[in-house]
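Next, two complexes with chain A in common: one pairs it with chain B, the other with chain C.
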Partner chain A sequence: MNGLPGYNFAYLDEQTKRMIRRALLKAVAIPGYQVPFGSREMPLPYGWGTGGIQVTASILGRKDVLKVIDQGSDDTTNAVNIRRFFNRTADVATTDRTEEATIIQTRHRIPEKPLNENQILVFQVPLPEPMTRLEPHEAVTRKLHALADYGLMHVKLYEDIARYGHIATTYDYPVLVNGRYLMAPSPIPKFDNPKLHMSPALQLFGAGREKRVYAIPPWTRVESLDFEDHPFSIQRWQQVCALCDADDSFLDEVVLDGGGRMFVCSDSDYCRTRQAAGHTGTENTPMEVSA
Partner chain B sequence: MSACGRERAEPANDLHVLPLAGGWGAGAPLLRVEGLCKNYGDRVGCADVSFDLHAGEVLAVVGESGSGKSTLLQLLATRLALDAGRMHYQITGRGLVDLKLLSEADRRWLMRTDWGYVEQNPRDGLRMNVSAGANVGERLMAVGARHYGEIRRTAKDWLQRVEMDPARLDELPTGFSGGMQQRLQIARNLVTRPRLVFMDEPTAGLDVSVQARLLDLLRELVTDLGLAAVIVTHDLAVARLLAHRILVMREGRVVETGLTDQVLDDPQHPYTQLLVSSVLQV
Partner chain C sequence: MNDPHSLLASPLLPGLDDPVHDSQQVFRTLLSALSSPARLHTLSDLPQSPPPLHAATGAALLALGDYETPVWLQTPSDAAAAWLRFHCGVPLVSEPKQAQFVLIDRPLTMPPLSAFAQGLAEYPDRSATLIMQVTGFVPDGPLFSGSGIASARRIGIDGLPHDFWRSWQDNRAIAPLGVDILFVSGCSVVGLPRSTDVQYNTASGGD
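Entry: the complex of A and B
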């Protein structure tokens, strides 16, 4: 089956896909550089990640296996809707399992399981320009990029330390890609920044409303900005996952029905996989592992 | 008819870098300006302005409102494009370089290290949404400073140098008085130890008493740091206090130029005489 009758494969017409692919090729050729593209209206509101969806639609092949996550989970409304969208318009296989996917569209997280060369990570980006809040004029930020004039970004980090005693930016933490372009990694936690660095997977970023795509090709240097005396560091927890005992994953605090709280992996596939392998936390009994 | 309308003959051997020990006497200028022109449509902004500025020299540009002072300053600072004319600047290690031939990256580097620009309204020259320390530290970070503690120490030192309370390092400039904002803007410009600073009416809009103290401070800084400066002012008293030389403009042209005391005490041009006498009447 070809997906939804009356619609092209993966919704977008072939000409639009070619246009987006051309933009993506350019983005891959200039790591971290924001490439304008003719963003199309999608049958979803902007907040739903139309940039990422257009990127996914443009690169999706019939044999691809798609995973969609939102806040690390495959089951949130946003993830379910996007997955259903591609199910109906492209009829591709979908999966929850990170290692089975060839394309992973994501909002807010990078999976905990290391990615490989055969995978592409597509990020939904609300604000592609990392300097926007400091310099609202696009003509100016474009020039700053052209000249690699990024002192402004350090002004922001300086101000963080002056106000809070440490760099308070915890999401969408700015990075320098391949030693050249300043880039907003989309609102992933800074916990995930090290995963951007030297990743074997191709990483593509799409911003629908702002009409920009950018990319980190495989095996590219990605450094998080910092100061010598305030080096970049990732979030750490006192706790381990209450369900799978993981001490190396990004944890979400969950309020329990009884009013208590627990910390669990934000990456639900990671957590499930660990539980299936027999790891147990304080809040669950060992899973039945079927023979 | 000014030179602006005509074709300007280019020298046959158009060297981008002028010889240092050339034909203009001892010590090459820091800045050499030749035949600057700028029109806004039919209106003359600036016409055929030429002068040399040497290291450590302060030049005041005076003239009535609309005479082209700000236009000239913006042309000098390469904030406005020239219609005609040439500017050469002495770049350390490179000699006198034609500013037109400087790459955008080099030009910006110059602007944030070797030059300063003090706006009349400090709000135009400051980032109002970040602290005083960040304002002073910005240029340092722009040229690669990456040690928070050192940036902060330097910023603190500079607040002291411009006679601000260093305890206000982390405050936003929005809470500062106009005079303090102006001091902060000056510190922010001088932190990279520029050799040339442009100032557009740096003391206008301030109370008279605040003005006087700021002028004293400026004079001290300029002397201590050996700064060259071009200061636009309509206030001849400011020129008298700060400037070695003065350039009198009218309708975009220089009508008289010379040592400050000479020009103010013994003006030659009728327009300068009028300016000086109107000041004396105040």
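Entry: the complex of A and C
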């Protein structure tokens, strides 16, 4: 069983996989450093996760169980399409339960449930270079990385404080990996930044359009940039999840038909697991327990 | 290679049984070895490799090597050269600095780590990966810590030159430049990326 007839296992040809695999091995050896790779044209446009898909295709094996999330949800277009893509081209098992997955490809979230050492998290990255909005020339940003000169980013954060009174960056919040490389964690909310630090799971990042892969090995120091008098802090909500009553998860604000609003967990698997365990919020009744 | 009968006398050994899936499994083990350094990983169902290649060395080169990856062999071997050229088409180079993958089969007489590609300040990934064949692994040895290691752990690597860990510290000192190492013995692999710190005492630091 090799998936789609006429295609290699997991879509990519073997030479491409080898090239990406070699780049990934260097990426884990140099945590946070962006390794260039020969990004291939994929059967979907840039911006839809072509980098993440190429990383997943290169590491995926027949025994893997794949979970794909988009903004925390298993059921949104991007997640459904990528899951179906690998189901068809590699015939691998898929799941929406975080704890069952061996590979989790994600767009813009880290699951709420703690990951373990046997899992790999693959991030889809639109802009791998954290300083790209401050310095557009790659020749310059490469030199800044070589010199570990990240003053530019600190000035940007300082200007936020001067202008707004606090650091206004709320997603793709820059981090320093293993005390050396400044890294863009992809547009995850800064709420997820603490989960990058000392994660038991290997974290791989793929940027298809920008042709870069990078990695955070397990148990690696990841610090969010801040200042002594303006320490890093994550988002907090007044509300709890309207479906599962969680007060510790990242909440999405949903506008209701009647004009009201409710806050629900962005991680659909976390919310569903809590509801199945009997937690209920204000907007639903307890789940029916089938006899 | 000068004797045309030598190849006929020893027919070419087969490569990976199922190239697509076997190389994926080998790669995942190597990925795990480099992201969890100083931990013993074992490969299974490997094909026989021609001497001086250990089974895991051969599998790693088959899984990762192709026309883009120059390989340097410490001990030139016609059998290994023919096998590598046929199965993965790697160019074999005579200059250690040109190689992306380096096979060290006799660590005691190996060149210094600085003899291999160290990467560039702006492209530290352009450095060599050394596959070092050692005599074996034992539970007790130097203390390893760093990225990928939850709490410092020990592993002993047999068959290294007595000053090896001192030269590793020189390799650490130029981080993020430097080489990465895969120690191999038979079907076992232990990864040592440039990010790993080693604490040793001179008594246990060598052979």
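Everything below uses one rule, namely that the second predicted complex is superposed on the first by the 290 of 291 C-alpha atoms of A that agree within 3 Å, B and C clash if a C-alpha of one lies under 4 Å from a C-alpha of the other, contacts with A are read in each partner's own complex, and residues count from 1 in each chain.
We adopt the following convention: contacts are C-beta pairs under 8 Å (C-beta built on N, C-alpha and C of every residue); 3 or more make two chains touch, one makes a residue touch a chain.
As the structure is a prediction and not an experimental result, all values here were calculated from the model.
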| item | value |
| --- | --- |
| Which of chain B and chain C A:Glu228 touches, first, second, both or neither | first |
| Contacts of A:Leu152 with chain B and chain C, given as first, second, both or neither | first |
| Chain B versus chain C as contact partner of A:Ile161, first or second or both or neither | first |
| More chain A residues in contact [chain B versus chain C] | C |
| Which of chain B and chain C A:Ala29 touches, first, second, both or neither | second |
| Partner chain in contact with A:Glu100 - chain B first, chain C second, else both or neither | neither |
| Partner chain(s) touched by A:Asp91 [first = chain B, second = chain C, both, neither] | neither |
| Overlap of chain C and chain B interfaces on chain A (superposed complexes) | 143, 146-147 |
| Contacting residues of chain A [partner chain C, same complex] | 2, 8-9, 14-15, 17-19, 21-31, 33, 35-36, 58-62, 117, 142-143, 145-147, 178, 180-181, 198, 200, 202, 215, 217-221 |
| Of all residues in chain A, those that touch chain B in their complex | 134, 143, 146-147, 149, 151-152, 154-156, 158-159, 161-163, 226-230 |
| Residue ranges of chain B touching chain A (in the complex, touch as defined) | 104-105, 108, 112, 127, 130-131, 133-134, 137-139, 141-143, 146-149, 151-152, 169-170 |
| Chain A-facing residues of chain C, complex | 19-21, 23-25, 27-28, 30-31, 34-36, 63-66, 68-69, 100, 121-125, 127, 129, 146-150, 175-176, 180, 193-195 |
